[in-house]
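Each of the next two complexes has subunit A plus one more chain, namely subunit B in the first and subunit C in the second.
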Partner chain A sequence: MSEATVRNTTSTDAKTSLGAVGAASNKPAPARKIEQLGTGQATWRRLRHDKASMIALGFIVFLVLMAVFAPALAAVTGHDPAQQYREIGLTATGLPTGPGKAFWFGADQLGRDELVRIAYGARVSLLVGVVASMCGSLIAVVIGVLAGYFGGWVDNVLSRITDFVMTIPFLLCALALVSVFGASIRMCLFVVIFFSWAVTGRVIRAQVQVLKKKEFVEAARSLGASDASIIVKDILPNLTETIIVYTTQGIPSCIVFEASLSFLGMGIVPPTPSWGGMLSEAAGNSIYMVAPWLVFFPGLFLLMTTLSFNILGDGLRDALDPKAGRRMLAKKRRRKGAAAVAAVAPVTAQIAVANDDIAAAKSAEATSSTSVSSSTSAASMTKEGD
Partner chain B sequence: MVKQILRRLLFAVIILFLLSIFVFALFYIAPGNPARLIAGEKASQEVLDQVTRNLGLDKPLWQQYIRFITHAFQGDFGISYRNQTPVTELILSRLPVTFSLVGGAVIIWLLIGVPLGVVSATHPGTWKDRLAQVLSQLFISFPSFVLGMFLLYLLYYLPKRNGFTLFPPGGYKPLEDGFIDWAWHMVLPWLTLALLMAALYQRLTRAEMIDVLGEDYIRTARAKGISERKVIYKHGLRSTLTVLTTQLGADIGSLLSGSIIIEQVFGLQGVGALAVKSVNTQDRPVIIGVVLLGGFFIVMMNLLVDILHVALEPTLRR
Partner chain C sequence: MSILQVHDVSVDLPTEDGVVHAVQHVSFDVDKGEVFGIVGESGSGKSVLTQAITGLMPGAEVHGSAVFDGVDLLKATSRQLRSMRGNKIGMIFQDPLSSLHPYFTIGSQIVEVIKTHEPQTSRDDAKARAIEMLEMVGIKNADKRFNNYPHQFSGGMRQRVMIAMALVLRPEIIIADEPTTALDVTIQKQVLDVLRDMSVRLGTTVVMISHDLTLLGSFADRAMVMYAGHQLETGPVSALFSRPAHPYTLGLLHSSPDAEGDRKRLTPIEGRMPSLLDIPVGCVFAPRCPNATDRCGLIAPPRRTLSDGVTVSCWRRADPTPAEAKPEIDEFVLQRARDRAEEQADGTAEDKEWPLDRNAPIALVEDLHLTYNAGTRKAVEVLKGVDLTVNRGDSIGLVGESGCGKTTLARVIAGLLPATSGKVTLLGQDNSTVSRTEWREQRRHVQLVFQDPYGSLNPRRRIGSIIGEPIRIQHHWSGDRLKKRVQELMELVGLNPEHYNRYPGEFSGGQRQRIGIARALALDPELIIFDEPVSALDVSIQAQILNLIQDLQDAFDYTYLFISHDLAVVRHVCSRVVVIENGRIVERGDTERIYDNPQAPFTKRLLAASIRAVPPQSEATAHRTLVKEVAA
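Then we have the complex of A and B:
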């Protein structure tokens, strides 16, 4: 955790601590209490300023509420998810009725309430997505840490297994597995977990290989700490960010994997409502051509869910690793030219940039001058930055 | 270098070997008697025994496996339980459809994704970059069958209801029957696959280019007075090739897995559709054949990418 705490005090709390120091010099007893933020608080603080992430988080909360209160929704609309309302749900010609007062999101080809089914489908999607992604991360951590920490033959064996899982055509193998053991929610979970840990495992292995050579690990070892203690106390806490980000980003791919399996009729077994299954039923006989809401609503919910988790995952990554964000910003500033650099760079760099600019302005070609000035300012920035 | 490639080749063979054991074991422990599947529900015990003997199912597992693997090396994956045609023939007849789908889509997604990535990387933070980023985030999140169905509704059904046919809803016309007809039928499947993948390539190209454009040698190139266009395309884009070819190799390699859903949505009778059909009918030799072929493609493309990298990166040649 040493890295994280250092980062917190330097970056986010720089202003408050500076203010506190100023106040301390004026008054004998500072009224302001200086508190150090934990990593979680600091991350939340940064994440809160990211509008896209907050909207995404809002939708996810909404979705969770919808899944939890699916029975309540069924009570409000008065429609059971599995009940077929053939009298009111289907028109005289046997076509499903569209969205309206009775069925807010329309009825499906059997006269079932689309909205209630979507709410129940959210349960399946969230359950499979979250549980599979977490289990996948757990496997990835175990394999990645063991391979990265111990190296040698352990690494060789585990890495070859990882390579193997990454090389097999996963959807084809998933189909083969399901065809043998039959489709069920447990099978679906197993398949999704089995094929979702390999990439994360590889990333974690690489990180552990770097971490185990750090001084604080050597220090712990010189103090006589056991391998188990080093892994739990020194290595794992430093993997927290990676694990959080990869688990969040793994959720949408697990959800899509489950939906794809259900779409092919090999995931969740009907009549349990699942979004992939609903889309599959809508695609059968091309019923959605005359009843587009059968594709629009489940498709939209599926898209919004994956989009939200992807955006939140990206936002979390930036919030947990502010260095990466600052690096990007520096790059942006580099390209904006001397004016932007002057605003952030110290005086010496400003002078250097100014000199470069003068020299550049003297050169005859307008096009080459801009490129030269931007590249020289980039050079001064890199000197300053690193 | 040759040694490295030979090592990779050995690794590829081991992977395929493991995959064949995996699939074979999977179907051995599976419930249900394949002989019963072939002979039919009402077959007598004698017929059943006869079929079992013909398939070699009465022999021990390792003998069955040896028999299977030696035949597989000669390109013989057995005979389909369902329609009594050789598996190899069945797969070969479906391959043109899958190759058409993936081949066309690859060209489209490279033509959309890479230029958009370059524009993003050379104008970071501008509205062009933001727009490209938002679009790529959107299409990365799109499940393929949802996008396919949306496009079918918007570009096939809506125009048709209004009295004209913009694109056909799917189906496959062989290339031999005319290029125009073939391409016209493939437009919607291509577009679906290409939009999803272009989003990924936009991201990759952007991230890699932004990194590269901050390098010293780019500054040197600019300082030499080379035009910006040349700097970007000759020096900048050149160094993204390693990353792009790795991704492209993986994507083309997994074409059998990746095209299953699109083939299903657009009713294309490719290898993916064959896999789904044989899973539904418990046609084991066909599933084993398709899975092994899928693994073969992935392994071969990985090998090709490794060799290509040696050609692309002078530092690897030693």
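Then we have the complex of A and C:
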């Protein structure tokens, strides 16, 4: 490729098209260097500037480490999660000892180390939360894409199934299932997954319906691309953000599901420690009245975990979105004033997209706020006990 | 006497990427009663400037002064500004649908404007004034239509309502921001006439923002040309047209599709607008300027005032010379593409599988009807019996207003939509009888280029993958062979082949449209359908793309079906024109014949609206001299 291939228009175009932020190449001085950021890098850069997300991420990393190194923690304290230390863990009157040198987070009513049990409980919570949320998203993507893309009777059938799942009273059904088939971690996972995909499925269906009408999909169709190829190459990549954000935000609600089930004695089978189960045990015999740490620590961890995942999900949504720049500016605009941004980005074609986006964001916000409130209410409920 | 004096205004907008210098050191005066135009391509800062002056952009940092009616608008309190807007300064925006509230009748919205600024007016008086105003802007039965909602009006009528609303308080000045851009060409003219007429009758000063210099030629008295936030040339419209003093003004005139005669090549302005994040060292236009010298890139040009009232920011003292219209495709790239096409024609005979009659017309449309939602109450008949023959090597322009069914017709011909009745024969095969595998085979021979350069490319796929998609699907090529072919195509349409791995988001509108064209060319189709390929682009970029489309046909004898709402655009690409009105073909014929001697009344209207009069040169302009020169 010699000089001749780089022609006048293209060469100037090429210089100015580096990144969305084209540098002016009309000075003799070296033009401003524009780094070309990949999607991942750009997302990370935006996320890094969001303090709340970084704190949330920090806590999640801490929690993961704690879960992974739970045996090490047990070794350091010298306490096994299931071992009952009746001599040192309980006072002469049989009440648990509070936080102190021997038991950092105190001991429970059977003389077990609360800290070690919380660390092991984190394993259960994270496992259920992450696995259930991912499986739920997978189901949601399959059903949402099929319903949204094919429409017609496929959509009718799948949407009615979604409606059906959404109308089933979660606790009632869970209790019935568990009492018939018995409690186990597998059962618990199944129930949580079954109830976690419906909302995401609907959102994805709606997005696919919008994407399906885009010209690039029609272009692919006019080239003779098959439905499978269009779904995999054109639709799915454009759903990445939605999927990542909804999976992240689904984790806390799954954790709360699991905790609720365990609290009711229908989730994780004792003596395996789980946060919900610990809260439930603390509520038994009103032991929390004399040993409030039994409620405080598991409740705190549950609250922090759900809150962190929610905040991170929120931050991710802002950072991942290619139009996030506009949204950030939109926030500024609300503060500072009118059409500044509208004039800078006169891309009318994208306004429609932005509108969809705002709608999606609003629905996402709605779900996240409900899950926050549900998590906090779950935590407060457990704190208040019976 | 000037009513608005803008002096040295700069507007900076803080954004995530840095500070955007949207407007830099702009000064102009608007005389009382005149129509003052502000012209510029998108991103030139024309809207930002007026919004900053009227205080609609509080987030921006605005410097300079704008004195209106003895008050510096840039120093006025927001309270003062609010009472002025509507009362003394009227506004008309681009989209009449979104500027009118859909839940209130237009009458109540106009009355509300009156009551806000003149609370003492009684409701009946306000209503009477509103009706009178509506009648003045040409709304018939205004007293009845007073109680209608915005959706009950057509686009042009809505814009008239907006004009009435802006004028009802008899403001001294009206700022119209692209008031006709969203409208059909024929309606555009009517709306402009109303605006002009009102300005004469009421003595209102009009500041009109437009991206279209030729539109202002028949409308404005004086105009200012803006580029990348800079003011390049200001003066009487006749002078701008007949003797442009700045190379950019000249370039705009030459790249405008209605500037040159039939089939004559347009001369686009090469390159594209620089980023507004940097403040240029020299002249902002220097990188694209055909007359640029070394000095232009180093020192900002002085502002010169000429004897006929023109001020221009340019180093060049002589009149600018137009750039040469260069071929859009390099000779050796073209030769290689030809060689490849020949090689392929000799080597493989896979085309023969398709029932292809070399002599038959490419597409034959007979008595085509298409009804959306057929059989239901919402049935809309879009195509009402269309006959059309597309022969090999034809370039046919389908022209009509929005909603006339031209895009639908193209979709039916391409086989993307089934016809309700009638017959479409594509390459000798009836569209309604093709099997699934045949349909896929057919895709090789018909390709589309879409209107929206943003929506037609998947933002999540790399350019190489987008352009290579048709070859991958149809020929199952992969690896280096595919990459080589894609890079050839990219060179052919004037893209840098090294950008193979970029995403569409990194390209400008014009470049995206080149990508779309490359994708359409990938399979050497028999028929290429262009669906308004340039209507979303700026004038100078539009000319580049039109030239490219034309050059490609000259080189490879493609068959084109070119859809457009603009007769002027079609003239440069097509040899035959078909005019559609409300789903029926009202006129067809050779391009020249249609332009010289239109028969159907609709064609005449369309032509009158799209070919605009150029104001004649005045005596003062012919003998202009330099009055003064102020260094920047």
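Just a few scattered comments:
By our rule, the second predicted complex is superposed on the first by the 286 of 386 C-alpha atoms of A that agree within 3 Å, B and C clash if a C-alpha of one lies under 4 Å from a C-alpha of the other, contacts with A are read in each partner's own complex, and residues count from 1 in each chain.
Here is the rule we use: a contact is a pair of C-beta atoms (placed from the backbone, for glycine too) under 8 Å apart; a residue touches a chain by one contact, two chains touch by 3 or more.
These figures come from a predicted structure and were not determined experimentally.
Applying the stated contact rule after C-alpha superposition, one finds that A:180 touches subunit B and leaves subunit C untouched. Of the two partner chains, subunit B is the only one touched by A:302; subunit C is not. Once the two complexes are overlaid on the shared chain, A:84 sits clear of subunit B and of subunit C alike. In the superposition on chain A, A:159 makes contact with neither subunit B nor subunit C.
Using the contact criterion defined above for the overlaid structures, shared-chain residue A:168 touches subunit B, although it does not reach subunit C. When both complexes are overlaid on chain A, the residue A:220 reaches subunit C alone and has no touch with subunit B. In the superposed model, A:229 lies in contact with subunit C only, and not with subunit B.
In the superposed pair of complexes, A:311 makes contact with subunit B only, with no contact to subunit C.
Shared contact residues on subunit A (touching subunit B in one structure, subunit C in the other): 328, 332.
Note for the complex: subunit A touches subunit C at residues 1, 4-14, 16-29, 32, 36, 214-216, 218-225, 229, 233-234, 237-238, 240, 322, 325, 328-329, 332-333, 336-341, 343-344, 346-347, 349-350. Across the complex, subunit B is touched by residues 163-164, 167-173, 175-181, 252, 256, 259-260, 263-266, 276, 279, 282-283, 286, 288-289, 292, 295, 299, 302-303, 306-307, 310-311, 314, 328, 331-332, 334-335, 365, 367-368, 371-372, 374-376, 378-379, 382 of subunit A.
Partner subunit A is touched in their complex by these residues of subunit B: 11, 15, 18-19, 22-23, 26-27, 29-31, 124-125, 137-138, 140-146, 149-150, 153, 157, 169, 210, 214, 216, 218-219, 222-223, 225, 227-228, 231, 254, 256-258, 260-261, 264-265, 275-276, 279-280, 282, 287-288, 290-291, 294-295, 297-299, 302. Interface residues of subunit C, counted against subunit A in their complex, comprise 13-18, 20, 22, 42-43, 47-48, 51, 56-60, 270-272, 274-275, 277-278, 280-282, 284, 286-288, 297-298, 326, 328, 330, 332-333, 414, 416, 439-441, 443-444, 446-448, 450-452, 454-461, 465, 469-470, 473-474, 491, 494-499, 505-508, 511, 516, 519, 536, 544.
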